[in-house]
Amino acid sequence: MPFEFAPGKPVAKPFNKFKEETLVEATTQIATQVTELSYALDTFYFLVMGALVMWMAAGFTMLEAGLVRAKNTAEILTKNVGLYSIACIMYMLCGYTIMYPGDFGGGIFESLSTIGTGLLSSSDNSAADVIASGGETYYSNLSDFFFQVVFVATAMSIVSGAVAERMKLWSFFAFSIVLTGFIYPVQGFWKWGGGFLETAGFLDFAGSGVVHLCGGAAALAGVLVLGARKGKYGKNGQVNAIPGSNLPMAALGTLVLWLGWFGFNGGSQLKVSDVSEANSVAMIFVNTNMAAAGGLIAALLLARFWFGKADLTMALNGALAGLVAITAEPLTPEPLTATLIGAIGGLLVVLSIVGLDKLKIDDPVGAISVHGVVGIWGVLAVCITNPDAIFLVQLQGIASIFAWVFLTSLLVWIVLKKTIGIRVSKQEEYEGVDTHECGLEAYPEFTPAR
Amino acid sequence: MPFEFAPGKPVAKPFNKFKEETLVEATTQIATQVTELSYALDTFYFLVMGALVMWMAAGFTMLEAGLVRAKNTAEILTKNVGLYSIACIMYMLCGYTIMYPGDFGGGIFESLSTIGTGLLSSSDNSAADVIASGGETYYSNLSDFFFQVVFVATAMSIVSGAVAERMKLWSFFAFSIVLTGFIYPVQGFWKWGGGFLETAGFLDFAGSGVVHLCGGAAALAGVLVLGARKGKYGKNGQVNAIPGSNLPMAALGTLVLWLGWFGFNGGSQLKVSDVSEANSVAMIFVNTNMAAAGGLIAALLLARFWFGKADLTMALNGALAGLVAITAEPLTPEPLTATLIGAIGGLLVVLSIVGLDKLKIDDPVGAISVHGVVGIWGVLAVCITNPDAIFLVQLQGIASIFAWVFLTSLLVWIVLKKTIGIRVSKQEEYEGVDTHECGLEAYPEFTPAR
Amino acid sequence: MPFEFAPGKPVAKPFNKFKEETLVEATTQIATQVTELSYALDTFYFLVMGALVMWMAAGFTMLEAGLVRAKNTAEILTKNVGLYSIACIMYMLCGYTIMYPGDFGGGIFESLSTIGTGLLSSSDNSAADVIASGGETYYSNLSDFFFQVVFVATAMSIVSGAVAERMKLWSFFAFSIVLTGFIYPVQGFWKWGGGFLETAGFLDFAGSGVVHLCGGAAALAGVLVLGARKGKYGKNGQVNAIPGSNLPMAALGTLVLWLGWFGFNGGSQLKVSDVSEANSVAMIFVNTNMAAAGGLIAALLLARFWFGKADLTMALNGALAGLVAITAEPLTPEPLTATLIGAIGGLLVVLSIVGLDKLKIDDPVGAISVHGVVGIWGVLAVCITNPDAIFLVQLQGIASIFAWVFLTSLLVWIVLKKTIGIRVSKQEEYEGVDTHECGLEAYPEFTPAR
């Protein structure tokens, strides 16, 4: 119900019998309405940004489906839609509570006692609370949960690509449960939940470290335990290219991620409802876009001069690298600087993809390079434009996140390997995991009979 | 033009010569501006949500294109883009007027006289009307039309999948004209236009019944008149799987629908501009997401234990089932309850797909199960969390919608069958409808020569 | 920080000791907050609309990837993601400055001196400036840049389709640099930057001329210099169909463009924050949608009656033609009129595609017809519903834009041809540009070995 005042004839009426008290009451009512409207705009903005991040799930799904072989495509699709669902459920059940214990009245250990009930028992802000908060409370708690939950899924999506084409489906899902319900939230708490990295002054605006390095570290641990795909590395050290089966899908996935990243970075400002905040969100949009463009062009040029060809998959990974690189600080750079930060990310990702292959670390989609290596670059690049950044603290953040995620992931992967196993049989790998795991083929009419 | 007051030096000026009348005028102006801003936010929110629902057209298109055989893909694409266009035109010409006769000054019969001119002769709300309405009028009529028109297209999209691979293109379009211009709007009027179901207290927030059951009932009638695809059911009762030709497309379609559903349910709140409404929209986003996740996991697990394989198409239909299930009431459940409502939808859809095959009701994409069967579950599930729901009235709503849509659709399908025919020839079906209906192939270079 | 007033107990407090000055201060504070909130909504709206336009890059990419042959798909993907990146970088470096010299304190020549620094040295609006502007400044400059930059990419995307399957990758990129950094901004300045077409009263709401005709004219020049694909036109005048390799991709691309166009046209209103503006944006959404629907149905019917088949690619181009047709004036038509304007666009595009083939102008995706020919129709169609349109001025706009873009593009294409060459070798064209330019194939497992 908007305020009852209105201009012109009908409005002037109450003021015919105007008294001081009436005006006070009117002003108070308007102030209330403005505060509520402001809350509504910030919540709506948060939800729209969150929807864009959810859309990134489609981006990862298409990217990975395009970069694996046809015989493993249905399974990577299943992994992607499955991990998104698992991430949402686990983060609802316990992840959110672990990551933001303060919202549930205590430290991380106190919050553990509310696992499974924390979010559910909390109710959203009342209008009275919003107004009484004097600006401290300015969006719906549930919109925050929505935004956060799609972030967790992003982190987990990074892993599926790196372990593609040879990992057992249900072992992967088992790992997803642990990462999204426990490993990610703990390090998320360190920074965004008010933990020791936040206290130390670690800067990571939208998560080059907390999300992307986290995903990259978990992926690296998985690949090390899992080993390379059969035939990827020859006996004499040669690296055999295993081309993706559907590059339009991969390009689509990259463009979906590019679009979704406006929500990922833009939403991390958390507020849009005044001039300064709106300007910040606009700057973040511009810088996010420019960094991706810079990354794409840099990777394409490097590939052209190094390999002699305009390698499309490198260009796509270059764009994603640009996006990861700017994620830790999309606000303080000027657009030209953002372009350069992205371009360096684009160069790094090409070097890293080639380098990991030299180390026989087999990552079919380049996820460890894009999210892990360039995630580190992103965290360090904060120091270039943000005067509040402390280089050693940024290093501390990288080391803490990597160590925690890599070691706990390694433990989980090893336990899974020793128990239910994580790698499909040689025959399954040869024939493709689709028929064995999913009982169907992604393109039953297109692929040659094997 | 925003209000002329401003803080600091330039603003203080008029108040040097401050009089009571000036303050009254200022307060009135601000109140007006706030009311207008509130209207703008609600309209913008409505348009963004509508754009997401329009995006669902792409979701259905990709889903169905991925689940049919390559030889019938171009035709299903043509049907989908064509039906969307027909739905928009028919709903503009007469559907909207039939569904919301009150907006045109009379009952349903009075409104019929304005067919073709109703919407066009109406002009949008003036600022004065908005302010004078005291909160009753809070968004653009045209934004409402936009939101409604994409809903109609959604209902019609459900049908195309079920009758795929053997129905004549132009007969399908003829049916589209009747459904979107008449059948859908009449039952839409019953609930959302203020008809007898609304009066009776039938609850269907965003249309598990009005949209999804409606589409499912029309599809069922079509399939019954049309018959199964050649080769689907063997002589000895066996059911032959006819796998979809492009599962990445199907997965993409599902994720597009998942994203679009935030608009479908989130926009059905109709308002976002105060604390309470914003919280509600946020709750709807969270519950919509959780229900889809629950549906996907439940269907995937059931398929795994029943069939022994992680059937991707079942998982995708499970997600859609979760979305349909929560659509009738996405606001009152807690997120965990929403997950379970979605999960039951996911179980039901697997059972229903298998069951319909037992009955030799051939639905290539599972649309009758997802939207019809789970639509009924969605309407009933309102009773679990909404204390205002009356079980018998929910049943009455299901029965009314199903009876009306099924019987009128049946009539239309039979008339079409008796006149222009609805089924392609055996040879066309064998060779694929693409070349016969559309004169081209969806993948001319990929599929084997026939 | 929202205003400190609040209803109920804690709020009433300051008014216990109420004085006139307090109320003045309170009213001033609220007015400020409302102005800021209004600015935030307009900026957020602008960014969301811009994100939708960015999404059109994915639309063009998918559309073109679907309409070329498999052997040229990876290269067209590379061109599309590359040109988008180039457009962003060039427009940041100099295009924006050239197009909007007024924002940088001078005429077009003065602004040239700020090339490369113009945007970067400008800072965004302060809250004080916004309030002091009295409504003149109502959104973030950076949100404007973001919206504009994605428009440039749209114009350039039009070219890539027309020259597909035989142009050298790096020559295409060289042309992209000139078009996005210079050719487009100059004619953009004529209209939107306050140049002579704006002064003359030329009307082009969202760019049927400035964007689409511009792209179409550059494409036509390129095709004329480049020549037709081998085998397209036979010796005896016959036109050989070269079908697109992946029609689901093309359909997806069209639907992505349809969605993105809500941002393209809807965002061009530039403001949403009061009743009148919100109504306008809603009208634009409705008309944009209806014009696309009208274009699709008209093209589909014409193809059906002319060719005897429901040609999907004509239907898709019909929808795009409808969108282009309504772009010059999406606000003043009633929805039925918008449908008809779109439908005429849909008829024109079919005629134009057939006609250009008669002239042996080989445009693999129909871009010249959709954006050039129908762009002209769109500019002229303004006269039907907008009383301010002057037919001769509309013609002048068409002639000016076409002459400038066509001639400068022709010059650039010829220079490129004489220097680095623009056409791949016969063998490369025969074998497909993917392996030669990009060193990979789009569908390595699906296409037959050559």
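In this document, chain identifiers A, B and C correspond to the written order of the chains, with residue numbering beginning at 1 in each.
Heads up, the rule we're going with is that contacts are C-beta pairs under 8 Å (C-beta built on N, C-alpha and C of every residue); 3 or more make two chains touch, one makes a residue touch a chain.
Computed from a predicted structure; not experimentally measured.
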item	value
Interchain contact steps from subunit A to subunit C (minimum; 1 if touching)	1
Relative orientation of copies subunit B and subunit C, as a Cα rotation angle in degrees, nearest 5	120
Separation of subunit A from subunit B, taking each centre as the mean of its C-alpha atoms, in whole Å	29
Subunit C residues counted as touching two or more neighbouring chains	23, 27, 30, 34, 37, 41, 48, 246, 252, 443, 446
Sites on subunit A touched by subunit C in the complex	20, 23-24, 27-32, 34-35, 37-38, 41, 45, 48, 52, 69-70, 128, 131-132, 134-135, 138, 243-248, 251-252, 254-256, 258-259, 262, 266, 272-279, 281-283, 285-286, 289-290, 292-294, 296-297, 300, 307-313, 315-316, 319, 334-336, 339, 443, 446-448
Subunit B-facing residues of subunit A, complex	1-8, 10-12, 15, 18, 23, 26-27, 30, 33-34, 36-37, 39-41, 43-44, 46-48, 50-51, 54-55, 57-58, 61-62, 65-66, 73-75, 77-78, 80-82, 84-86, 88-89, 92-93, 119-120, 124-127, 130, 139-143, 145-146, 149, 169-170, 246, 249, 252, 437-446
